[in-house]
Amino acid sequence: MTVVTDKTEVATVEKGLSRRQWIAGLVQRRGSVVVLALIVLVSTFAFDSFATVDNARNIAMQSSFLAIVALGMTFVIISGGIDLSVGSVFALGGVLAALGIQWGSVAGILLPLVVCGGIGLLNGALVAYGRLAPFIVTLATLLGARGLLLAITDEGANTRLMPRDALLTQLGQGTFLGFGYPVWIVIVLFVLGVLVLQRTRFGHSVLAIGGSVEAARLMGLPVARRTMWLYTGSGLLAGLSGALAAAYSASGVTIVGVGFELDAIAAVVIGGTLLTGGAGTVGGTLAGVLLLMVIQNVINQIGTLSSHYQSVVSGAFLAIVVAIQAYLSRAHLGRERST
Amino acid sequence: MTGSPIVDARAVGKWFPGVVALSDVDLTLLPGEVHALVGENGAGKSTLIKVLTGVYPPDSGELFFRGEPVRFSRPLDAQQAGISTVYQEINLVPLMSVASNLFLGREPRNRFGLMDFKAMNTAAAKLLDSYGVDVDVTLPLRTLGAGVRQMVAVARAAATNAQVVILDEPTSSLEPREVDTLFEIINRVRANGAAVLYVSHRLDELYRICSSVTVLRDGRKVHSGPLASLSRLELVALMLGRDLEQIEREGTTKFDSTPTEALETPVLAARGLTSQHRLHGVDVTVRPGEIVGLGGLLGAGRSETVRAMAGSLPVDAGTVTVAGRKVRTGSVAAAMRSGVVLLPEDRKSDGVLPDLSVRENIVLAALPRLSAGGLVSRKRQDAIVDKFMKRLRIKASSPDQKVGELSGGNQQKVLLARLLCREPKVLLLDEPTRGIDVGAKAEVQALVGELAAEGLGVVLISSEFEEVVEGSDSIVVLREGRVVAELRGADVTEQKLIAALAEGGGDG
Amino acid sequence: MAETTVTTLSTAQPPATRRLRDYGVYAALGILVLYNLVFTENFATLTNLNTQLVQVTPILIAALGMALVIGTEGVDLSVGSVMALAAALLPLYLGYGLMPAIVVALLGGALCGLFSGTLVAVVGIQPIVATLALLVGGRGLALVLADGRLKDIRNPVLLDMGSGSVLGVPIVVLIAACLTLVVGFLVRYTTFGRQLVAVGGNRSASVLAGLPVRRILIVTYVISGVLAAIAGIVATARLTASDPSAIGQLAELSAITAVVVGGTPLNGGRVRILGTVAGALLMQLISATLIKNNLPTSIALIVQAAIIVVAVLLQRPRFAGGAG
Amino acid sequence: AKSEEAPTPPTQATGGAQAPVAPAAGGPTCTLSQYGGAQVDLKNAIVGFSQSEKEANPFRIAETQSIKDEAAKVGVKQLLTTNANSQLSKQISDIQDMINKGAQALIVAPLNSDGLEPALSAARAKNIPVLTIDRKVNSTPCKDYVAFLGSNFVEQGKRAAQQMAKALGNKGKVAILLGASGNNVTTDRTNGFVDELKASAPDIQVVAQQTGDFAREKGQQVMEQIIQAQPDINGVYAENDEMALGALVALRSANKKAGTDIHVVSIDGTRNAVQKVTEGELYAVVESNPRFGPLAFQTLQSFLSGQPVQQNVVISDKLYSKDNATAELGNSY
């Protein structure tokens, strides 16, 4: 019975410890939100044209395409991987939508989903069964997908337009309650994303795989199959985003999506997800996306910054934001082990 | 149904580049038996288990499960067939909560197919409680000590009502209380007609729980049969492959338990070590040539104490003095410079560099002193590596073999060698003999004795009371990060230690 | 029993396949050379050899630094922008003479390395993001310094460095060769090199072994920065102009590809310098082959993708347990 | 900092001003009433300028500069400037942001002919006149936007081909250094060149087409490869000056004499390129005049004051050849 008191006391020690960690964890996960709130607050006072409904609409719309791509990236990164191909796949998705729509809106949305999903599947297979480093595999498909795009547009010369009245085009251009459909699609996808990650066995196993592949495998999780689905999903979402973006601008533009993958990664990490895998949140990613877009918006609010200074500013911004992130997450990650 | 084996492995062979880990090994597990699998470090126990459970495909031989020929291509297959395993290196997900780790892959779900965390957490708490572990199951596993992690792993394996339960050194980081609970579990499992394969280097445990035994040596099966019919000495003889007389002569030497009465000024003096939620003003004093044991139950803060002294755990208050000179706390480098080195508890994550060679692992901490003008001197390296590989009898195909490929015990020896080439003043050993075979264990213990005799100060943590008592000249007993008793001289006995723990537990 | 023999092959790898794993790059390189010797016009000429070597130098030099960073389980996305930064700094100080200008450019690179290194080692930001910030900001800074303009280089010495050669060997190639030797030596024979690899292999173990992990990390990124700066200078000398907008574009990806195709694992703990050289040459030769045979960009990209995958498949890590 | 002595004199403010090809009569016009929207006095109006690519190539630098200068000259209330950094999505948001900041007229240098629709319709919805310059967008003038000012890139390619034919005496092998892939400037300049050769100099054969991404470094590298695979080419067509200058370096290091062994023709009319024409290294440069400022604000001014403006103003591009290069050097940018 002495032992009993012993244990309960340890337990309470643990509870105290857990409370601290819980708060730290919360701050870390919400760190991006905190920073976002700060910037929004400051800008609201700094620029009178910032806190307007129109501007909110713009930012929401501008964020939606990156958000969809970043959602897939979030799952991949949490599993300890990375997907560099999304930028090219995004562009390819748009071109394919414009190509497919000549056979109707259904074809217009299916074609990009099938092909881009297929590329994702290829990534997944090479990573899961070929046991190749995700970074290099998806770097290869980054090139390949762009090549495919150029091949079907005779070297990018041929931009297909999408009929204004087609259903798919409307999906990109139409609005509901003042906000474009893509915005609502994002909301739906992210709610689903939160549920899948937090509340399903699938999401749970993704966290486990990211936390330790070896352990996950020995615990009997179907690591390879999961991994394959993750990359497939990332490809699908990138394709969907591309199709919507094409619909939004009513044409399968061939020059889009260059460097998009880096934006997506930045958004995910700013959102508090560990690139080492095993921890991260879908909500954080959304905040990360908004942060990047608000930064752009603020730069335009200033309105007279030369293009060179613009990149300097966004680079500095990025560094500061992640620095704050890291600082907030210190306690959470118990750095005394790793540093 | 007894008689018809559940698992029957025939002529199993497995080789890795440069090593034959197993060659035609037979193993038969009968329902309701607890089967001991023993052998020296590197004998092939873990490899056999990994082959049985689909981690490695066998290179030869056949596996029959309930009479049917089977090939498990991945652990999942084995588990679905009804074989659940606790592998040697605890394989759980540190970032995830205790509950998640317990239920991964079979989380309780509500009627919408979503995970039901409340149900999962209560179930987890209840399960662990039946193992005598009371933790907040929502905590990330990484915040818990090796002991709890070990218990969680066992609980996870035994929870699935399996037909075969395989435990690879489950007690290596448990102390008696936990071991007892574990054995209750094993008996329960056995009673349900399941078979248990049990690996341990602790002979007394084997004789307590196992009915039959298979002995491996250098990847071959050298004996299989009822355990009762073997004496300890015979068993050891089989494992080490020496004849009885030889062993009786040498004995499986432990520490020479003559306490050195050292009265000089302390080589290490820790005062009032305090670290949030972990340590509350711990004092430890070590004199040259003295071995100070740290006693305590799981989570008493033994590891924290030594980590604080080694600078790897930042402390909020307290001082560490080495040979009269104050050492900056919270800096491993500073502690090392002053001559304090730590053998970490978690070999896997804090110790070995699995992809680097034995040589590189050994010299790692001593690189600067083995190099001239920033250039590593291969000659000096080889000299020292050779010296320690011999002295610690490290079993590797060559100094260039990857440490990740060594058996658990040999990895431990490599780490010990790494510390010794720093020519330290004080050795902090957290579970130094965890997972080390009888032979090696004796060697390590003897070595520690020698080093102390040479004037080193030693702090020893072991979850085996027997070892602490045998090894230590004095014992500092901890509970929840506080010193609750100090035993010296004649008081250093198992009874006194247990008494101290109990009293300590009386009322805080 | 048939299947067990199959697994024998896949697990206890026969020496042959293991060697293929270690020398896959060289094999691929050899095959490509053979292909060109047969199918590409005027391939087997000394000038052509020089062209390929000269063109690969900037990427190779950047890749050397990248290999070190990857060895620490990191990655440096900023090398391209650092190249541009060095290129931009150079003409600003040529007025004081070549040496001062080069020193300033190298200092710039070192500072960049210090910046990312500190973010990674001290602040604890994940390498890919820490250096991403510099990737974005660095080129902007370069363009600010150069005020967007491409500047012609007139300094005769610098121009010679770009186009001159000694005993038929282009000077830039000599520079790259020396740097390769230095870095290779650094990795293999110096304390720093071994510690670097250790940090990449198991960081917390390195901490517990008392290694100055932070310093090691920072120094590594500084080295990478300096090498990138050198790459920028070389590229400028070659182009006979400082073009901060174009120099180093996407160099980070080429460098990473070279390193990984060369057999250095991205999860650290191992650095292969010769492999990196081979990897860089392989990628260079691929694009050369595609241009020389006048393939359209589309095909070129697809072929490159395929070759990268094959090259890494050839040298994928040894089988250790079923995939899942 | 102290750089090497600056060699090039500053471009003359007046020199190289743009002039429309056709006299400003004929051709469809557009008025405020047709397009919709109220009259505005440019003087106290907010004008937005959306640049597509970084001001990191002489063309872009000159283009942005001339817009800024003219805005100052006209004395608009405020000039908002954004740069899409070669990202279409960013150019869309840039334009939307400027509208949101209260821009009353927009000058847009489109990154691409297609895909700007959301931005245009945003302006359309608020009746904000949009003037597109340099690259033409595939939408309806006076409906989706007011008018276009810019060069005819196909025509530029044609003229380059004519120069090439002249240089080679209508026969030989040429290599093309393409601009950035997927960019319709590239497409137009390629088609114009190739078609014209087919038509008027069929004995000139295009033996290599590789992209140089509008950048000097890439131009040099690609040229180095081509000149070895095809040592017998006698002409190089670069779709912008930067690539041409890169090619010249490559030719020099391959010991080919540009101007005698191999003739190089390119497009843009940057200072450095025209300099090379005077030195005889470049055979000819077709101008692509970036100084849109004066013409653009003129057009806006008259449009906003209710007068009709040409929907499609194609500006006349100079041709720099050895005959006029020295004299015209001051007008290059």
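We call the chains A, B, C and D, going by the order they appear; numbering starts again at 1 in every chain.
We adopt the following convention: contacts are C-beta pairs under 8 Å (C-beta built on N, C-alpha and C of every residue); 3 or more make two chains touch, one makes a residue touch a chain.
For each chain, UniProt lists the protein as follows: A, C = Ribose transport system permease protein; B = Ribose transport system ATP-binding protein.
It should be emphasised that the depicted structure is a prediction, and the values quoted were computed from it without experimental measurement.
Asker: Counting only C-alpha atoms to place each centre, which chain is farthest from chain B?
Answerer: Of all the other chains, the one whose centre lies farthest from chain B is D.
Asker: When the centre of a chain is set as the mean of its C-alpha atoms, what distance in Å lies between chain B and chain C?
Answerer: 42
Asker: Distance between chain A and chain B based on Cα centroids, please, to the nearest Å.
Answerer: Whole-Å distance between the two chain centres: 42.
Asker: What is the distance, in whole Å, between the centres of chain C and chain D, each centre taken as the mean of its C-alpha atoms?
Answerer: Centre-to-centre distance between chain C and chain D: 35 Å.
Asker: As a quick test, compute the distance in whole Å between the mean CA positions of chain B and chain D.
Answerer: 72
Asker: For chain B, what residues touch not just one other chain but two or more?
Answerer: 55, 74-76, 312, 350
Asker: At least two partner chains per residue is the criterion; list those residues in chain A.
Answerer: 150, 155, 217, 221-222, 306-308, 310-311, 337, in rising order.
Asker: Counting only residues that touch at least two other chains, what does the list for chain C look like?
Answerer: In chain C, residues 143, 148, 204, 207, 296-297, 321-324 touch at least two other chains, as defined above.
Asker: So, with touch as defined above, which chain pairs make the list?
Answerer: Here the touching pairs of chains are A-B, A-C, A-D, B-C, C-D.
Asker: Given the complex with chain C, which residues does chain B contribute to the contact?
Answerer: So the residues of chain B touching chain C come out as 15-17, 50, 54-61, 71, 73-76, 310, 312, 332-333, 335-337, 342, 344, 349-356, 360, 364-365, 367-368, 371, 374-376, 418.
Asker: Looking at the complex, which residues from chain D come into contact with chain A?
Answerer: Residue positions touching the partner: 51, 54-56, 78-83, 85-90, 92-94, 96-98, 100-102, 111-118, 138, 180-184, 186-187, 190.
Asker: Could you list, by residue number, the parts of chain C that touch chain D in their complex?
Answerer: Counting only chain C, the residues touching chain D are 40-42, 45, 47-48, 51, 55, 91-96, 143, 148-155, 163, 235, 238-241, 243-247, 249, 288, 291-294, 296-297.
Asker: Per the contact definition, I'd like the list of chain B residues that touch chain A in the complex.
Answerer: Answer in residue numbers: 55, 74-76, 78-80, 85, 87, 91-96, 100, 104-105, 107, 109, 113-115, 132-136, 138-140, 142-144, 156, 177, 277, 297-299, 312-314, 350, 479-480, 502, 505-508.
Asker: In their complex, what parts of chain C are in touch with chain B?
Answerer: Its residues touching chain B are 3-4, 7-8, 10-13, 18, 189-192, 194-195, 197-198, 201-202, 204-212, 269-270, 318, 320-324.
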